[in-house]
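In what follows, a single structure is set out as structure tokens and then discussed.
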Amino acid sequence: MNTKELYQEIILEHGKNPRNLRKTENFNKDAKGHNPLCGDIVHIYLKLNEKKKLEDISFEGSGCAISMASASIMTDLVKGKEENEVKEIINDFLGMIKINPELKSKNLKDDEKTKLMCLSGVKQYPMRVKCATLSWHTLISAIDNKKEEINTEKFD
Amino acid sequence: MNLSNIKKEFPIFNNSSLVYLDSANSSQKPQSVINRINDFYSNEFSNVGRSVHALSIAATNNYENTRVSVQKYINAKSKDEIIFTKGATEAINLVANTFGQKYLKENDEILITELEHHSNYVPWHYLRQIKGIKVEFAEIDQHGSVSIENIEKKINSKTKIIAVTHVSNVTGAILPIKEISQLAHSKNIPVLVDGCQGAPHLKLDMQDFDCDFYAISCHKMYGPTGLGILYAKKKWLEELPPYQGGGGMIKEVKKNNITYADLPNKYEAGTMQTAQIVAFKESIKFIENLGIENVMNHEKKLMDYAVEVLRKNNSVKLIGNPKEKSAAISFTIEGIHPHDIATILDEDNVAIRAGHHCCQIFHETLGIPATARASLGIYNTKEDIDRLNSSINKCKKIFNLK
Amino acid sequence: MNLSNIKKEFPIFNNSSLVYLDSANSSQKPQSVINRINDFYSNEFSNVGRSVHALSIAATNNYENTRVSVQKYINAKSKDEIIFTKGATEAINLVANTFGQKYLKENDEILITELEHHSNYVPWHYLRQIKGIKVEFAEIDQHGSVSIENIEKKINSKTKIIAVTHVSNVTGAILPIKEISQLAHSKNIPVLVDGCQGAPHLKLDMQDFDCDFYAISCHKMYGPTGLGILYAKKKWLEELPPYQGGGGMIKEVKKNNITYADLPNKYEAGTMQTAQIVAFKESIKFIENLGIENVMNHEKKLMDYAVEVLRKNNSVKLIGNPKEKSAAISFTIEGIHPHDIATILDEDNVAIRAGHHCCQIFHETLGIPATARASLGIYNTKEDIDRLNSSINKCKKIFNLK
Amino acid sequence: MNTKELYQEIILEHGKNPRNLRKTENFNKDAKGHNPLCGDIVHIYLKLNEKKKLEDISFEGSGCAISMASASIMTDLVKGKEENEVKEIINDFLGMIKINPELKSKNLKDDEKTKLMCLSGVKQYPMRVKCATLSWHTLISAIDNKKEEINTEKFD
């Protein structure tokens, strides 16, 4: 494994210039996440309309290139989708980053899949998987209105 | 691997006539365990969990793999229920301290037995001193065991936890811990089992035993020194406060507050026994390869033989005669103090233990200051028992007994 | 033995291009220590203290010989002042727990510093939770150290104990612990020193430091994992209550009362880390053979070189610049998160650590979530620093920094 | 080392039939000792007259052959001697049992020394030295009116 595969251009670029790094006005759901190992923190804001469509999503936070890029790409991909579609995408991503060789979701277009697969290099770096998944776990938490802050200080 | 020539898996028996009958104290280590320690330090050493470099990642995986091995071996529901400790003593202290802190108040009762090792009494005594709780003792019966009736007799509405040994380290008596759990749970009382002498010799099934806590010493289980395991049902580990505080067990640390990590990290403060934990996987593998049923069978045959031989030997008096008996047997010889026996046996390279075996209450109850104890491991043979017996005869000769 | 080719004493560096700069986390182990563990388990294994057979007597002697080696090495007055623990974390928990039990009450203050490792904060936090005592923090100065003035400022009539690190595991700052002891003692306050990062790198002289407690992690001192040492002045160990309860630490056990063993046994409950303690004698011998002055000299030169090289490297920002500095150096690179640095360095087989290094208070005070840390052991060389530097340059290239 | 040297006839004999195993009437000093390792216990009673002469000494207790024989031989040897002589003999014995090759005391006759030297075999058995010295430490304690029970659970 080569760090070039991990730190692909697209990750470095999203890491440096994250999309949706702001706070949604009139958000109606939010959640915080924290990776105590790295000190990565993320705060996700959602605006879900009555039809359960994700009108807007944004995040605030700081962290390593992997976690910032992951949050940036994630927010880009799920924006405008319906809640159940979003959940399905999250599951697909978390499955891929742990064991599955590829993404299977019908809710993602091919070019969206390609973009997400840029994060797959992290599989080879178990301690860094947490960085890539932090924002995703936090998004679940926001959708489900969970009160507790997401925390990655678990071995899994 | 084969039980009949298992001794050669243990380097200490190479080129030596050692008859080691002190495994209840600590067992010898197989080559595979020793090699794993060696390899780990020589080629793979790193601390776990905290660094992102490759050595650390590999070490962390090895560390967690042992946890999973233990979980499977003892049939725990979740790997989060496996906490690594310094030994069974620390495991019991952890429970007594945190359970006492959270749930016990003055005049509450803790029920233990007259068979308990000091490690399953002193930590509860602390609560007596600090909190004014009471320690009650279920009585031993004439066989050197503790019947479920004797336990039931001492349970009352003030009983808040029952702490019993799985197997007596003096008489070898196996206590009916599944039934004790059932009884206790019917009255809403949790049960801690001191599994020191059960773990190396019996089939372990936490979900079947259904006890709330089970304490193990890995060094008695063909594993490295300085390592123990606390099994505890998840709900307890979630509810109880943390024990030692330090690195690795925290979530967030602020100047005015601290939150704690999730299980199992909450109970593993500071740098743990990395090499020992990694190597303990080999101990489990070693026992699994032999098959615990085979081990039990082998040790039972041997113990039956030991009882038969010693019973035939005049002047030797066996202490206790429990129906369900594991791998330890204690005895006295009228006219020879146990320490004199142990010293004379030692000259023949027969290692036994003499004294109160950290069970002063038991010895006081029986009115004997000390006993001699022979305890078995999987490497022992009938020849070892014969050598024990002939060395006992030598003692008798020196002391002019017949 | 010679410092110039010391790497070959450590098997992990054989046939590997490993640059290990994570010794503050845990150090690598020399062959002599690994061999001793191996020999002990293979040929000499027994539990200590309790049996009278020859193996046990020899093991007990070896065990106690390590205690004497440690006593001499750290210049303690008596071997009874050396207590073996699971690690520095347990050593500090032992003191916080027993000192807190006996001497502290609501609103009493404990003075620590903003530099402390979680292991020297969480145990005191427990007392805050249980007893309502207060934890005060002496402030760090602009060099990443804590001056004696900043400590003095926080002392008042409620201060009951001062607990400070000997050396910061982030900035490498060496605190003036002899002066801190003098100051504290002039006000009748005892001092605990977290010696984790001092013990492997500095000359230890307890009678000169005159601190009341000093905690050591043996695994950072070229010794086995799962072992630590608490040095404590005898009067404290005599006055404080015991910590964990179990076998070996008792004098007499009755149904209604328990009395405790004399020092040092009082604080060593249950079966201890026999093999690790026996082997740690080799770690002490290893350092003694090199000569701690030579070690200090070697590490100082190397650290000066590291500071020089990293300071010249654009974008690298060193954290703290203490005048008295030991073997750790932390840094950040504007535009690259420390965890990304560590991952990229790892590909070049350069092992460093990234994160908060169990010092969240320090990082919060500085307003940085994480740092990258390179820490030295006696096996490091100038080439290691050069490799560190060129891997940092590779990071910068990947991230398009100049 | 051979256990025959340790368990010499004289030790076995004193162990089986200890001298002075009784309680001195009108004793004016006493002390208890305990070896938790073996469970050996000893209680020593003295009668010192005004001239500090040991008019009578006796003991109660139980233990291994070594400790019983040691108490038996000790009481036999010190009876009738003066306090300072007794102390000198104790020191000499404790020195011998730890490091000295022989006894040096001027207060012991040659045959008394020979008798005591029967206990020297114990030197080779560090865990058993405690058995041999328990009654001696307890005697010091009795003479010095120390309140605390003697306990051998120390490594030395």
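A, B, C and D label the chains in the order they appear, each numbered from 1.
We take it that a contact is a pair of C-beta atoms (placed from the backbone, for glycine too) under 8 Å apart; a residue touches a chain by one contact, two chains touch by 3 or more.
Computed from a prediction, not measured in an experiment: that's the story for all the values here.
Visitor: Quick check: more C-beta contact pairs in C-D or A-C?
Guide: So, comparing the two chain pairs, more contacts are at A-C.
Visitor: Taking the mean of the C-alpha atoms as each chain's centre, how many Å separate chain B from chain C?
Guide: 31
Visitor: Approximately how many whole Å separate the CA-defined centres of chain A and chain D?
Guide: Each chain reduced to its C-alpha mean, chain A and chain D end up 79 Å apart.
Visitor: Between chain C and chain D, tell me the centre distance in angstrom, where each centre is the average of that chain's C-alpha atoms.
Guide: Taking the mean C-alpha position of each chain, the two centres sit 46 Å apart.
Visitor: Between chain A and chain C, tell me the centre distance in angstrom, where each centre is the average of that chain's C-alpha atoms.
Guide: Averaging C-alpha atoms per chain gives centres 38 Å apart.
Visitor: Could you list the positions in chain B whose residues touch two or more of the other chains?
Guide: 50, 52, 56, 250, 252, 339, 343, 354-355, 360
Visitor: Which chain A residues sit where two or more other chains touch them?
Guide: Chain A, residues with two or more chain partners: 36-37, 125, 128.
Visitor: Mind listing each pair of touching chains for me?
Guide: The list of touching pairs comes to A-B, A-C, B-C, B-D, C-D.
Visitor: Please name which positions on chain D make contact with chain C in the complex.
Guide: Chain D residues touching chain C: 34, 36-37, 125-128, 151, 153-155.
Visitor: Can you tell me which positions in chain A touch chain C when the two form their complex?
Guide: Chain A residues touching chain C: 1-4, 6-7, 12, 16, 36-41, 62-66, 125, 128, 131.
Visitor: Mind listing the chain C positions that touch chain D in their complex?
Guide: Going through chain C, the ones touching chain D are 49-52, 56-57, 60-61, 64, 250-252, 261-262, 265.
Visitor: Spell out the part of chain B that touches chain D in their complex, as residue ranges.
Guide: Answer in residue numbers: 335-340, 343-344, 347, 354-356, 360, 363, 369-370, 398-400.
Visitor: Touching chain B in the complex: which residues of chain C?
Guide: Counting only chain C, the residues touching chain B are 11-12, 18, 20, 22, 25-26, 28-29, 31, 33-34, 37-38, 41-47, 50-56, 86-90, 92-93, 96, 101, 117-119, 121-123, 125-126, 130, 135, 137, 217, 219, 224-227, 244-250, 252-255, 258, 269-276, 339, 342-343, 345-346, 349-355, 358, 360-361, 364.
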